[in-house]
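We call the chains A, B, C and D, going by the order they appear; numbering starts again at 1 in every chain.
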Amino acid sequence: MLLSLIVFLPLVGVALLLPMRPENKSLLRVTTLVVMLADCLLSIYLLLAFNQSASGYQFEENIPWLGSLGLRYHLGVDGLSVLLLFLTTLLSWIAILSTWRAVQLRVKEYMIAFLLLELGMLGVFVALDLFLFYVFWEIVLVPMYVIIGVWGGPRKIYATIKFFLFTFIGSLLMLVAILALYFEHAGLANGVRTLDVTQLGNVHYPLAFQIPVFLAFFAAFAVKVPLWPLHTWLPDAHVEAPTAGSVILAGILLKLGGYGFLRFSVPLLPEATHYFGPLMLTLATIAVVYGALVSLVQKDWKKLVAYSSVSHMGFVILGIFVLNPQGLEGAILEMFNHGLLTGALFLCVGIVYERVHDRELAHLGGIARYMPVYAAFFMVFMLGSVGLPGLAGFVGEFLVLLGTFGVSSLAGWISMTAIILAAGYLLWMYARVMFVKLNTEHYAAELVDLRAHEVAYLLPLLALVIWVGVYPDTWLNFLHPAVSHIIAQASAAGGLAAR
Amino acid sequence: MAVLPEVVVTVLAMLLLLLDAVLPEHRKSGLTWLALLGFVVAGAFNLYQWGSPAQSAYGGMVGADNFTVFFNTLFLATAILVVLMAPAYLRERALPFGEFYSLLSFAVLGMMFTAASTDLISLFVSIELMVIAVYILAGLARREKRSNEASLKYFLLGAFASAILVYGMSWLYGITGQTNLAKIAGVLKATSLDNPLLLMTIALLAVGVGFKVALVPFHAWTPDAYEGAPTPATAFMSVGPKAAAFAALLRIFISAMGPAQPDYSLLFAILAVLTMTLANVVAIQQNNIKRMLAYSSIAHSGYILVGLAAAQPGAGSDQVAGIPALMFYLFVYTFMTLGAFAIVAYVQAGQVTGESFDDYRALGRRAPMTAIAMTLFMLSLTGVPPLAGFFGKAYLILAAVHSGMAWLAVAMAVNSAISAYYYLRVVVVMYMSDTTERVPLYRSPFIHSMLAVASLATFFVGVFADPFLRFAQGATLGF
Amino acid sequence: MNAPTAVFIVLAAVAVVSSLNVILRRNPVHSAIFLALTILCLAGEFVLLNAEFIAATEVIVYAGAIIVLFLFTMMLLDIRGGMRTRQFQNQFGLAAPIAVLLVALLGAAVGAINISGLPAAALSTLQAAQLGSVQNLGQELYSNFLLPFELASLVLTVGLIGAIGLAGHGAEDREEQVRIEEALEFDTKVRAKEGGHLEPEEELVPAGGHHA
Amino acid sequence: MSVPLNYALALAAVLFVTGLAGVILRRNILIIFMSIELMLNATNLNLVAFSRYFGNVNGQIFVFFVLVVAAAEAAVGLAIIVSLVRHYKDSLNGDEFNLLKG
């Protein structure tokens, strides 16, 4: 019941909010925050109660749902999902806190949208029935659409429609693939109709079937990641989204794609994974470098961070498709880190934006003089994102590169350059914003240092960034059984891992 | 008593007609309650018959089986929801209550007998009872040019379609020598399927029914008729007669012509793809919301038809088959479409037209609950989980993939994505654009309760779909 | 060729010619007359096919009721205005498939027709005469076909409601109609002026716009 | 059987196609409506011929109901036409009713 409780607790929040009066904004905010904090505590309890050495899924719940079609309400977590679950509950309340004052319009709807968004994301990470997974996957789409569309910036309508159509088309193709899997499994397993991940993996599908299914999954997951060349919706969505939306979008929504590859594409379609492995590595390498290069030339602060996400998520895909333990563990850890770091960077951008309502890098400067505490926080997150040893970003990228060199040193070397580029654009950005003289003098009065609630949400992120950087084993220990299980399923057909 | 629900509706129709004549003008709104009561009682009798062994009545003219119960449930639910949405609109526009309700009852009666018919003759007469009543409903706002025109277009093309349909029926009788559907199937089983006459009969019947359910290229009447008719009548037309026409389609093509399935499967698959694609593409260009919903309803006919194309002979006991998927989709479609039209009626009742997208500006602020309900319906029509529309589409796609028509499934998925564009436009207008407040929305407990019912159904039939799936699975016709 | 067949062919020829006149005449009154002629020929064919009762019904219902209704309608409305304009639609895109359908239908019906190998009932003259008799049809209508018979009565009731509801109440509607049209016009005008939106300071409700 | 079945079916087919052509080609709604009546009568002939051919009365019963329905349809249809033409004086041409863009 614990997992259901975690997933549906936001719904309780919605039920609490519904009868409240829209004018009573602080009550709405506090209620949402309390519910999300409670959810976060529950997921911390889950982390503590989780057995790190056991393989397989834990805290399972498995009851019939659409019984007549053999579809079940099956939840469960392994090391991979438990980390992402924690990340989700953490970033959710942080996101709410980050727009504590910025959002004054339709607060009630805003809070409801965030609670539903959290519900959908949590559900995606724990669903073990593909159909249930799909339902949660799509639930995520609508609140995000609303959040960008209602509380977003000037070009919000364009951004939302683009975001929705990109992801919706991908998802629908995935739906067809899921249903094809349903029948293919039934055909191969004596007519047993199920979409249970634990059972789907026991059957060997012919390659000719795996390829189209892989492509359909790719359409859904790669858009979410987003993998070059399907990333074009991301900068638009980020620029228009309110800070909290950006945090969730970068921190968690992008992880859904990586999670999908890890949980479904790789284990269920091992041969197609090997078949498309080189292509995926190529795309990932391009994404890594492309994202970094484009970041270099951005004039908008938020867009810069958005493109850096494309680069970092490229690392995740790289790590997944090298198909060795280092790569996979690195990829998962990189997802976790990226959630923390990029989430934090967006928060930092949001803090300044809330004060001066400007994100043009050229207009800003000298912030360190006016906001010294902020500058300190921001430096840690920035350096973490660069990949400085001792901070979170380093561990993930290092492991991914380690894995990559084991498979293709060319991809490894090319990706290495991206780290150098990242150092370039992030340090430049930091110097530009923090130290150069402020051109727009009248901003000086607005640039007040961090408030208490802002420190409150940056502090846990800071602690985690250092923790992961200094002692990553706490987190990697969660991953070993899950990763070896994925590798075992993926290498059932031999191939890339052995090369 | 196999036809008790039908009898109740007949009595109701007559009573409404009578009371309309004798009641003084100011007491006529009481007719709403009478109509509600009648339909609810009929619905109770109807549901009571679920699961009782199939029986035949009136010399094999009608059958009382689960199929009938399923469709009657659908029709009566439609009727109840339409009665709930109508009063405010009718009062605003000074349309006659009594005539509306009694014609509604007659149409529902025709629909119920259409679903129950097991003989070509009773099928034909029932369909005609339904459509003639609906022609009049469409033209009920006789002072408005648009309504007259809608009625005329609907009538001319409807009569044309009936003529083609009945000519097809005459050939079906000619090929088999029977009018009883089961006996026709018996004869067809014994004959060869590459008979050119049989193909011609299939074509005639498909064209005839194609007009009634508004398939492309026989859809030309739909947008005009839907736009011009009074909105509650439009809501009814887009759900009731369409569901009944699908029931007739199933009775003809499954009960009677099931053995000829290989002959028509591909025909319907192609019609389905044509219908959904063309309708969705045209719907994107609409600026009138009623017209947009009309094209949306055409597109949904295309989706529903996928179920028939994917029907496989001998799949009677299979849970994953085209027919239960088709029926489940009709069930889902009823609530979300009626809900959407009810909101159109609600928004326009205070105005002369009130049908353009501009009239929905900032509805999210002017009427938050209504806007949430509309969002729910639009998302469900798009097929976003966990709403009912999603499960309907998923089930149809499932059936299409199962019958080996993956291309049909992909076409449906792509079309859902196209449709997202225009459904979301409504949401965008409601929440993301501003307006200077103009027309005050009025209050009507009827329409609010109707919206509550429709949105709850849209939500719960989705999240807890299983009982409803079983309802549809338990109601299919044997092949 | 036996005598009935010869009569059949003659009647058929008349029917075809008059049916072509129905669809080709400029004046709808002529069309209606030719429709009546077609119906009479068909009734004759029905008699040859041993359907005397149906033949009589056909004449009564069509010639006696439906066509009279058509003629009444034409008297009620001034049809001369419409007769001066173009009579045919430019629908050759549609006409071509129809030509194909025509050929297919004729081919199927006249050509190698083999109706699923069912044997034609070899009826004796007496049996054949019995088939379309009033007793036989009445028997069937009130036993096996009772339900459609009852439904037919409802269909006629609905027809009655429709005729009264739609065509009745002439004069009182006129004023209301004028009011609606004025309101609509006003609405369009304001919309055009304001670029799609109404400004709040303007008086929005036209006289008679809200006809509650 | 005195009259060959094929003859009756051929006549019915000709009438049906004539009616169809009338519906599609003509602009006058009354004539369109009459063309629909032609199509219904083609059906009637078909049914009577088959009824005689099979020696079973169902076809004739069917014709009876087609007649009833045609009568009701005529009543409603002509009422609709009357009420519409009040709005458009003097014209019976279908494509002049263009308030609803077709």
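The definition used in the following text is that a contact is a pair of C-beta atoms (placed from the backbone, for glycine too) under 8 Å apart; a residue touches a chain by one contact, two chains touch by 3 or more.
Note that the structure is predicted; figures quoted are calculated from it, not measured.
Visitor: Tell me which of B-C and C-D has more C-beta pairs in contact.
Guide: Higher C-beta contact count between the two pairs: C-D.
Visitor: Looking at C-alpha means, what's the farthest chain from subunit B?
Guide: Checked the centroid distances; the maximum from subunit B is A.
Visitor: Using mean CA coordinates as chain centres, what's the gap between subunit B and subunit C in Å?
Guide: Distance between chain centres: 25 Å.
Visitor: Can you give the whole-Å distance between the Cα centres of subunit C and subunit D?
Guide: 4
Visitor: Cα centroid separation between subunit A and subunit B, in whole Å?
Guide: For subunit A versus subunit B, the centre distance works out to 42 Å.
Visitor: Need the CA-centroid distance for the pair subunit A / subunit D, whole Å please.
Guide: Centres of subunit A and subunit D (C-alpha means) sit 65 Å apart.
Visitor: Where in subunit D do residues touch at least two different other chains?
Guide: 9, 16, 19, 33, 53-54, 56, 61, 65, 68-69, 72-73, 76, 80-81, 83, 87
Visitor: Please output the residue numbers of subunit B that touch at least 2 other chains, ranges allowed.
Guide: 121, 125, 128, 132, 135-136, 139, 142, 145, 151, 174, 177
Visitor: Which of line, ring, star, complete or other matches the graph of chains that touch?
Guide: other
Visitor: Using the touch rule from the top, collect the residues of subunit B that touch subunit A in their complex.
Guide: 319-320, 364, 368, 379, 384-386, 390-391, 394-395, 397-398, 401-402, 406, 409-410, 413-414, 416-417, 420-421, 424, 427-428, 431-432, 465-466, 469-470, 473
Visitor: Which positions of subunit B touch subunit D when the two form their complex?
Guide: Residue list for subunit B touching subunit D: 120-121, 124-125, 128, 132, 135-136, 139, 142, 145-146, 148-153, 155-156, 159-160, 162-164, 166-167, 169-171, 173-174, 177-179, 220, 223-224, 227-228.
Visitor: Quick check on the complex: what are the subunit C residues that touch subunit B?
Guide: Within the complex, subunit C touches subunit B at residues 104-105, 108, 113, 115-118, 143-148, 151-152, 154-155, 157-159, 161-162, 165-166, 169, 173, 176-177, 180-181, 183-184, 187, 196-200, 204, 209-212.
Visitor: So in the complex, which bits of subunit C are touching subunit D?
Guide: Listed in rising order, the residues of subunit C that touch subunit D are 2, 4-5, 8-9, 12, 15-16, 19-20, 22-23, 25, 28, 31-32, 35, 38-39, 42, 45-46, 48-51, 53-54, 57-58, 61-62, 65-66, 69-70, 72-74, 76-82, 85-89, 91, 94-95, 98, 101-102, 105-106, 108-110, 113, 115, 118, 120-121, 123, 127-128, 131-132, 136-137, 140-141, 145, 148, 152, 155-156, 158-160, 162-167, 170, 173, 177.
Visitor: Would you mind writing out the residues of subunit D in touch with subunit C in their complex?
Guide: Residues of subunit D touching subunit C: 1-22, 24-28, 30-31, 33-35, 37-38, 41, 44-45, 48-49, 51-57, 60-61, 63-65, 67-76, 78-83, 85-87, 89-93, 95.
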